[in-house]
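So that you can tell them apart, the chains are marked A, B, C and D in the order they are listed, and the count of residues begins at 1 in each.
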């Protein structure tokens, strides 16, 4: 070899930056209906192409095409649309509340509403989800009362979590929604463990673990894949690839030239890569994975390709690191818009009905917020008494905590 | 109608300053709840500020591009009902949650004390039989300051009327340690006063302030002359290996002579002190021992001997020690020396001495006058090589001609630079000076 | 579903290994929700043979091997506990717990609190710990201070087979996450620090008599291991036996308190003893700075300041990584503990 | 239900003697204060305790006196047999109570104290919620003062209700019963028992101990026992009640020998003691250190929780209104920043039976148990001129003093109207007086007070009139 060139470090960059239009070709989008649907007992290696491709049902004109079309009835689709719209309206309303300082913090899931909604419809009651802070649509789909959610956001006296958790960090065992942790990816091995327990007890319930593209870099994600494969745990592992982890493009998390789904195949797990903004595709893929798990055929890894249309949180402004209008030309479009077009195409929906539903949901959210505020907000100080701070550290309060509460004097 | 003030919100992560990027409304505009009023920017994000209420814009908190502190008034609206701020245009509403000011004199017990009493000990109520004797485990010793001698059996309650007890509490005094002069050791107001007075004067002393503890401090910067003296003294002590030689001189004859000279010539020539006579003795002695009248430059390793005897006279002034120089002492008779000393001392004390009058000495004489002490270890006036120190005259019995006789004795404590003056030379020089002084006539004979 | 208490309390001589195995055997039998897993604990029965025979008796679904991933072992255990099982996982050496710190501290210890009781983590994490076996710096550590600093965790360390079985059963039944530290050097017999003397087996020791069936030793309760009047020793694990040797060799009548549960601490027993003797020596193997002994000393001075006749002494490992060849220069033996006793008496 | 929130510096729960005194003193010291009272200001003492019972006793005395003039009165007074309209007596008593509680209300108002009517519920150590007429007000405070007092002890097998009454109902009788059974011969039982007897009611007392007024020593109880006999009150000692009998018109009783019997009675007064009121307002949620059933406090009335104070009956014996008032005043002053401790030399206790009983400081027995070498001397009222003119020669005054320095450590007395001597007794002890001080003071003649001086002189060995 001749005198070798000097080495240089490759640091991945997104194609789009503020003032420079994004080239989304890296998404490698396949035509709707072009991906075959293998039987659920397929050998994981057969899913290698699915893990690199992209399952899509709704084409650009809003028609459902291809083998993955779940053939959903009118009512389920209309419920799906309603849930997605309710999520989006709730998010928008809560951001305003945060700006008015009624909440200290909030995180929206703008643009990703289809994934949680459709997935929840594919699961059964009793299945346990291990969500991140961007899967509030799971709770919306399972119709958890908005008032309870707002009370948690306000940390007021009716907050089920007694004011202890950052807003959006819900915990609702009754709705199969595991308590959200601020630490990333910790819930993945926990989901696998829960699934293993279900298997040990000969139960029929399965688990569904969630993680963002950025957090897949955590060791807990890979540990989860290993344990899921080793014990063939009845679990669905969902990677929501919404392109951005705060200001870090998904390539920095390892998504450049290889899909996150392919990691599953590498770990011996059946894996799918799906258009996350396609309600029907999300539902179909979720059913496939749930059936596989419930038939003792082991875990499935699904990469949901979508776009984080809003900021990371109320403390973030994406226009600083990506083109402000990037969402307008994101190839997979808006999940609500696409499902609406499909419903209209099938004569099951109209613009008038849409506007009426929009107004109805807005009223429902405003009413829930007003009722929650009656129990107090962070501003007016009607938060759970500091005395409750000493409970639930242990099951029974040890004496050193009783003495410390005496010193505090509440 | 009331006024509603919207303050610059705290956008989290400890941001202190927020810049106004754009106003969406102008004074006079009507605004609806949730309508965006302004765009503001921190170093991380640009954020829209929605209105929490319906109302009309009265005043904007700042111009575009101006940065406002978090919590400062952003915008003022006129609203139905009371609003949340007094309508005065200028004053910004005080934070509502200021703790209500407690009336003067209400000083809440410091939390520290409450903390200290959190570990609760129940005392038996007076009527029920008092608590059984302390449990067998080691009794906790009392916390009071070093207790004065116990005046009553341990644990026995001091007898005192409620008024006395209340006053003791107010003064923070433990009655346990107050001596009671009343019947059965009852403590009266007078006893309390005595204790307080005694307490203030110190541990159990009488009630005057001779032995009062003093612990004031005052920092004085070492500057000016004081700084120079300190440096010279330090230089001398560090560079010069001092060898101090003390000799006793019988000045009875000298004093007698001085007395006769002053009696005869005192009027027109001025009174002589001992110093001019000593100077004469030194000048004469220097002739035989020139090494002593020299300066030593230890950098260049050169000793310079001088024929002229410029005698430095160490003089105490208000500003500190100064050494005016009697130039050519060899050419002065005692009266001329005396006059020159007086003139120089006066100039030095008034700070009018010229620079050359305070330098150039080849040999220095130092005396504390009546406070001369019996021995001293004078510090050589660097770069000179010797210094003659004069101690006080004292009458003492001396054996002379086989009998005891009272004589006037005076010590000379002199220091020499042992690098250039050997012990023998120093001793012989001082013995020579002593010789002149003990037979004063020789001072006036060449 | 739990069966009633076994009546017979027939005892048999057991080492601490057999006592711990018996505890897990009893609990696997009594409670179908108990599950045991960790590296090498299934088929092989654990590198210290503590789970030997359990897989054969209860099947692969109740006792099985796990991948070498402490974070994964504890993470899955949290998930299982959230489901409703009572996992008892093993971290092969306490020195390897660091990769599992996030799952232990941020998840297991905080689950009940952050979900206001919605989810709980009734799991037990067993960790062989401590030196005296020429294990070097990664097989000899005593990391209890990391855990006592975490609110929500219970930290337990037995010093003999009887306590080991009773405490482990109590730990498994407890609804809070328990860190169960097992001093390796005590697995086969008591160890008083005289490494040059032949090893004594538990079989010849009263504390080696262990009931076969179900019984518990209460958590949060210290034991007065040795009555005494001169000074109080606060200690746990192997150091209980070293302190006893130091008392005998110095002739000082030391009252030895075996804490058993480090946190939440049985402060009442500690304070009563120090107020009685007026002198206090804290002894632990772990390194000195910010060790659990510092907390004990702080509590003693807070609650017994006016009873103390001498400064509180601490005898600990040096602030160095645990050496290999210089084992016995590092390990706080009876001489160092005895010297501290003397200092406490003479002050 | 609208919930408004207010905040203050001092929040007092309970408007009884302890509570309202603390609030008044705090107001005087400029401390913003809120007082919460669920029933009436003045608490047990003013409404259903000390004051009404003294009024009833006075009325009974007057009636008894009048009745004696119907017979052979040594004073030669002849009058017809009197009758009593007990509803008017109760109305008179209520008038006094209303005047006093009104006075307390005015004093609180004058000193700027906000009074909230309603039952308090403790939310935490610094927050209390009060239900008042549908709305709830939540009050936050820096200092919480617990002054909830005490309630009568109820016997499980003889629950209050129907004709089983506590002192509360006994002080407001709609009608006088034929035969009243009093369970418990303590000071409450006997005060009311004697009063009812004087009103003409047949009274039977059942006491478990071996004598009446078991809390007092033998010498003090004897004259009371004699008086009970004289008044015709039947007393069953070493006996206990088992429960109601024949449909609630009788009481099953078992005497010392174990024989059971039934006492016919159309009303039963249960007066076996009082217990601190610790339930019904969330006190248990504070997890305070307790002392048995009482709240544990230190000598500044601090509980184990920072800035949470407790005074009065809630904190235990002696359960006396004047102790609660003294504690209340002290707590207000401490909160105002003064240095105060509750260490009185003695607290007087008075029993308004006929004859009356007063106990202050140490009795001879108590002094002995403490190993104190004491002189004890008493002076009988039979030798006191004033007592004779008052037809009250039973009883005596007794003094207990240290033998070494003659410092007086205890006064006790039993006799007609001795309650008023309690002031002299407690003043002497509080001032640390010696026997010579009292002996050397000229007491007015002819008064019962002379017996006090004579008791002191007798202790010094040179009494004059005995």
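Just so we're on the same page, contacts are C-beta pairs under 8 Å (C-beta built on N, C-alpha and C of every residue); 3 or more make two chains touch, one makes a residue touch a chain.
Being a predicted model, the structure only gives us computed values, none of them experimental.
Among the other chains, A has the CA centre that is most remote from the centre of chain B. More contacting C-beta pairs link the chains of A-C than the other of the two pairs A-C and A-D.
Located most centrally within the structure is C, per distance between chain CA means and the overall CA mean. Inter-chain centre distance (chain A to chain C, centres taken as mean C-alpha positions): 42 Å. Our note on geometry: chain A versus chain B, Cα centroid distance of 72 Å, whole angstroms.
Distance between chain centres (mean CA atoms), chain C to chain D: 57 Å. Contact of a single residue of chain D with at least two other chains is seen at positions 289, 304, 306-307.
Shared interface positions of chain A, i.e. residues touching 2 or more other chains, are given as 406-407. In chain B, the residues touching two or more other chains are 115, 118.
Per the touch definition, chain A reaches chain D in the complex via residues 380-382, 385-387, 402, 405-410. Residues 100, 102-103, 105-109, 111, 114-115, 117-118, 120-123, 125-130, 157, 159-162, 165-166, 169-170, 172, 182-186 of chain B are the ones that touch chain D when the two sit in their complex.
The residues of chain D lying in touch with chain B in their complex are 7, 9, 29-32, 142, 289, 291, 296-300, 302-304, 306-307, 316-318, 323, 334-341, 343-347, 349, 359-362, 366, 369-370, 402, 405-407, 430-432, 434, 436. Those residues of chain A that touch chain B in the shared complex are 96, 99-101, 104-105, 311, 314-317, 319-320, 406-407. By the touch rule above, chain C contacts chain A in their complex via residues 32, 35, 61-62, 66-67, 69, 71-72, 75-80, 82-85, 87, 99, 102-103, 106-107, 110-120, 151-152, 154, 174-176, 220, 264-265, 267-268.
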